[in-house]
Amino acid sequence: MTEISKEEIDEILERYDKKRITIATICSHTALQIFFGAKQEGFKTLGICRPEMKRVYESFPLAKPDKFLLVDDYDEILSSSIHAKLIEDNVIIVPHGSFVEYIGSKNICNNLLLPIFGNRLVFEWESDRKKERNWLLSAGLRMPLEFKNPSDIDRLVIVKFHGAKGGKNYFLAKNEEEFHQGMEKVGANGKEYTIQEYVVGANLYFHYFNSVIENRIELLGMDKRYESNIEGIVRIPHLINKIKKDPSFVVVGNTPVIVRESLLQKILKIGEDVVKSSRDMFPKGLIGPFCIETVCTEDLEFVVFEISARIVAGTNLYMFGSPYSQLLYKEPMSTGRRISREIKTAIERGLLSSVVY
Amino acid sequence: MTEISKEEIDEILERYDKKRITIATICSHTALQIFFGAKQEGFKTLGICRPEMKRVYESFPLAKPDKFLLVDDYDEILSSSIHAKLIEDNVIIVPHGSFVEYIGSKNICNNLLLPIFGNRLVFEWESDRKKERNWLLSAGLRMPLEFKNPSDIDRLVIVKFHGAKGGKNYFLAKNEEEFHQGMEKVGANGKEYTIQEYVVGANLYFHYFNSVIENRIELLGMDKRYESNIEGIVRIPHLINKIKKDPSFVVVGNTPVIVRESLLQKILKIGEDVVKSSRDMFPKGLIGPFCIETVCTEDLEFVVFEISARIVAGTNLYMFGSPYSQLLYKEPMSTGRRISREIKTAIERGLLSSVVY
Amino acid sequence: MTEISKEEIDEILERYDKKRITIATICSHTALQIFFGAKQEGFKTLGICRPEMKRVYESFPLAKPDKFLLVDDYDEILSSSIHAKLIEDNVIIVPHGSFVEYIGSKNICNNLLLPIFGNRLVFEWESDRKKERNWLLSAGLRMPLEFKNPSDIDRLVIVKFHGAKGGKNYFLAKNEEEFHQGMEKVGANGKEYTIQEYVVGANLYFHYFNSVIENRIELLGMDKRYESNIEGIVRIPHLINKIKKDPSFVVVGNTPVIVRESLLQKILKIGEDVVKSSRDMFPKGLIGPFCIETVCTEDLEFVVFEISARIVAGTNLYMFGSPYSQLLYKEPMSTGRRISREIKTAIERGLLSSVVY
């Protein structure tokens, strides 16, 4: 399997009718926002949808895609017959978290012969913890320490599993003994894990947009996560000792937050540094929306623990814009709409190829 | 006392001047939103108000009712002289949480001879725990287990009291001994109680609107609650053992939240199932706004613990619409406005009787 | 050093070209909101800015000040040469939290010979804990008890340090012994402190605006704070005993909240009482935005622990208005915009002098 080349995508794009572009994605994650934003910017929309999810997307008229492509299994979109259909509709795919999860970064790079908004090469870096860490450290960001061996644990750590969804089974430990107890408890012996310093502070997720068309990095919003069962556990502190199970951290939703204005300097710099560094990692670097996931310590230092190199679920809070995007755009500007705006402006300026791969 | 019949209400409605309908409610709970929404939709508004609350409703010009009906005691509105006045103004009552609490579900059914938006029969089901549980279980929803006898308690439970406001005096127990200790502590021996499995997870309150005019169930928003003193207690975990009092869970306010898009399927289904099931419980079933109060477990399962079959206080977050209603309506659509929109559309289509009882 | 008189400021104002007023502040805290609001109301804007912060304020086009005045040290604005420049631009200064902190209340009263929106005398009362307490108690508000001597501590208390930023080093104690342990732990022996009853409940910060032009007190919004590292600490309750450090309460940001509508009566009264009482404390009293910082107990009583007599950071949540301001104004009304609206209306009515000192 070889990587789909930029030239192959550009060839498809060249044959597209630029006046009839369709924005498409899988019906999940941030699809309502992506469709809503595409419609606001005047695009046709297409939802790649499992039959049981269709009703959800019909329930929100302003976000309902113009067309549904029903599939039983999402990787059907890797087939050449579906490619042909989508290309006929002049489709540009907007990838989101579930899209990357369902199709897989390898398949996106090697087998999804369709124009994607942004840079498909980024997913290889986002989904590989070592590459991701290398990238973020090269950008000069402070990350949590990592411990290779359980016997090295000398502080509070969190143990994460590769590919685990929503934080499922992640656990905390303070030393080697607790590490082994934890592995046994979650039945993870033998699984691949990462042992990471657990930095205590306030969680903050920053939503950026790197516009190669406007040549600027925009801060479109921020959020914090709402997780189960920890949100319930914290409400029974007087009973905590009686509960035998450790809390879990499965993401259920998101809540809005803003930061002290004096912290914006650091936050904007983090975004810029990540984009700059990405260009050393892979050709063209990061394009479009991304999210830096941080803990803000009591010393007001941001410790970065992850990057999501595409639209994140927390942006769904801001269908009509956030307190930050409202300082950037006169119209209600969600990240979903921002993507379509970038595509629209790129088309107007004859630069579509520079935001699609 | 016999139930007011639909025919009696329809007779009143028939005599109404449909071009001069006034939206009225008691000045509390969600009245600002209800008045604001009614004015946005072009209705006259009337606030049934205790003298000391008048200034509050005068402080918000866009929500200030056109007329105040001052009462010292809210159940004055059950008198025939006030009925006459309100009928003269072509009043449709919009009931909210405090309205139901102050007037009482029995009085609403038997003695409030005024057109009410929605179905007045629902309050009998909402306010009776057994009927409510029967309804929700019939709808196929998962509810917390209930224990008849304190000696049956085999897991973490919450003990609730009938008619207690805002969660006052609710307490948690893990076994019979703690149950008795708790009852003594809150001085509740002899009171009627419910012993309910305490499901640990993230609280989520979903705001639905069942439109019989548009024949669809809309998800208008969601919230979580902000409670005292628990919100303060969680901020002093290192001192928790030194505090002798158990936390309390008195609702003080609400905060916004959104959920993972993949959960919307389950959430929409819960709303549909509750409405469908309501039609087996009482004629015409649930009409208009309602709220399902859930805990989302770490397995992303929703456990339902209550239904509010009218507008809920959490909707006050979304005076200008939520990230969900923004996908439904081009205008800023609060639940308060949605109610008036339904009345307006019903009038336009000659269907007012089908949304009022 | 003598206090700058109202007459001196009025003289400057008289020479101003009222059609070319410039709204100016230091680039920090709520400056984006202040500039954004000033532009919405049609004013020119000027940012007093340290060079390294300029990029932040250039990153948000709709809030970017028309002019930057670069300074290495903020107290340069006390120099007469800069005064001259700013007066030439018909500048009205809008003070915010960082402004007061950087320039100092004494300097504002004695050395800042420039028109300030509001009443500069208030900062002396806001920044002096004894005067502030005297003021709030005179207003009839319930405040936490204060203990002069550590030996008097008979309940949970919080120990605060004068001028400490963002709650840094604040600690909790239940008796004299814990007080001394705490002082030692944070290395505060010898520092000035306040020992305050720690009231457990839900934190709520109310954003008011006292309009002397419209002769009313408006509730523009409310928030709660997002603090580090406590927000992280609460997420690891099962490990709390293993962490040796006490939690800290450094403000990192803010999150939105609304209250039960029935509490608005008390909240509006608190605002009115504080304004009324301020007029006994200093000539003209409080003008413009202020914030009352409360804890709402489980008995739904508000205990007030501080006043900020200027725009607060939590208002940044509501760039486009809050659920409360949306009931006051048809346009999206932030506190920043409200300030400029007040100045604009004052100019139109020939009353500028009554909102500036």
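Which chain is which? They are A, B and C, in the order written, and residues in each are numbered from 1.
Keep this in mind: a contact is a pair of C-beta atoms (placed from the backbone, for glycine too) under 8 Å apart; a residue touches a chain by one contact, two chains touch by 3 or more.
Here the structure is a predicted model, which means the values were calculated and not measured.
Q: Considering chain A as a copy of chain B, what rotation angle in degrees (nearest 5) results from a C-alpha superposition of the former onto the latter?
A: Answer in degrees: 120, to the nearest 5.
Q: Do the two copies chain A and chain C share over half of their interface residue numbers, or under half; same or different?
A: Because under half of the interface numbers appear in both copies, chain C and chain A meet with different residues.
Q: Rounded to the nearest whole Å, what is the centre-to-centre distance of chain A and chain C, using the mean of the C-alpha atoms as each centre?
A: 36
Q: Out of chain A, which residues touch more than one other chain, so two or more?
A: 230, 233-234, 237, 240, 255-256, in rising order.
Q: Hey, which residues of chain B end up touching chain A in the complex?
A: Checking each residue of chain B against chain A gives 156, 172, 174, 198-204, 216, 218-219, 224, 230, 233-234, 237, 240, 246-247, 249, 255-265, 268, 295-300, 321, 323-324, 326-330.
Q: Inside the complex, what are the residues of chain B that reach chain C?
A: Per the touch definition, chain B meets chain C at residues 28-32, 36, 52-53, 55-56, 59-63, 98, 168, 226-240, 242-243, 248, 250-256, 313, 316-320.
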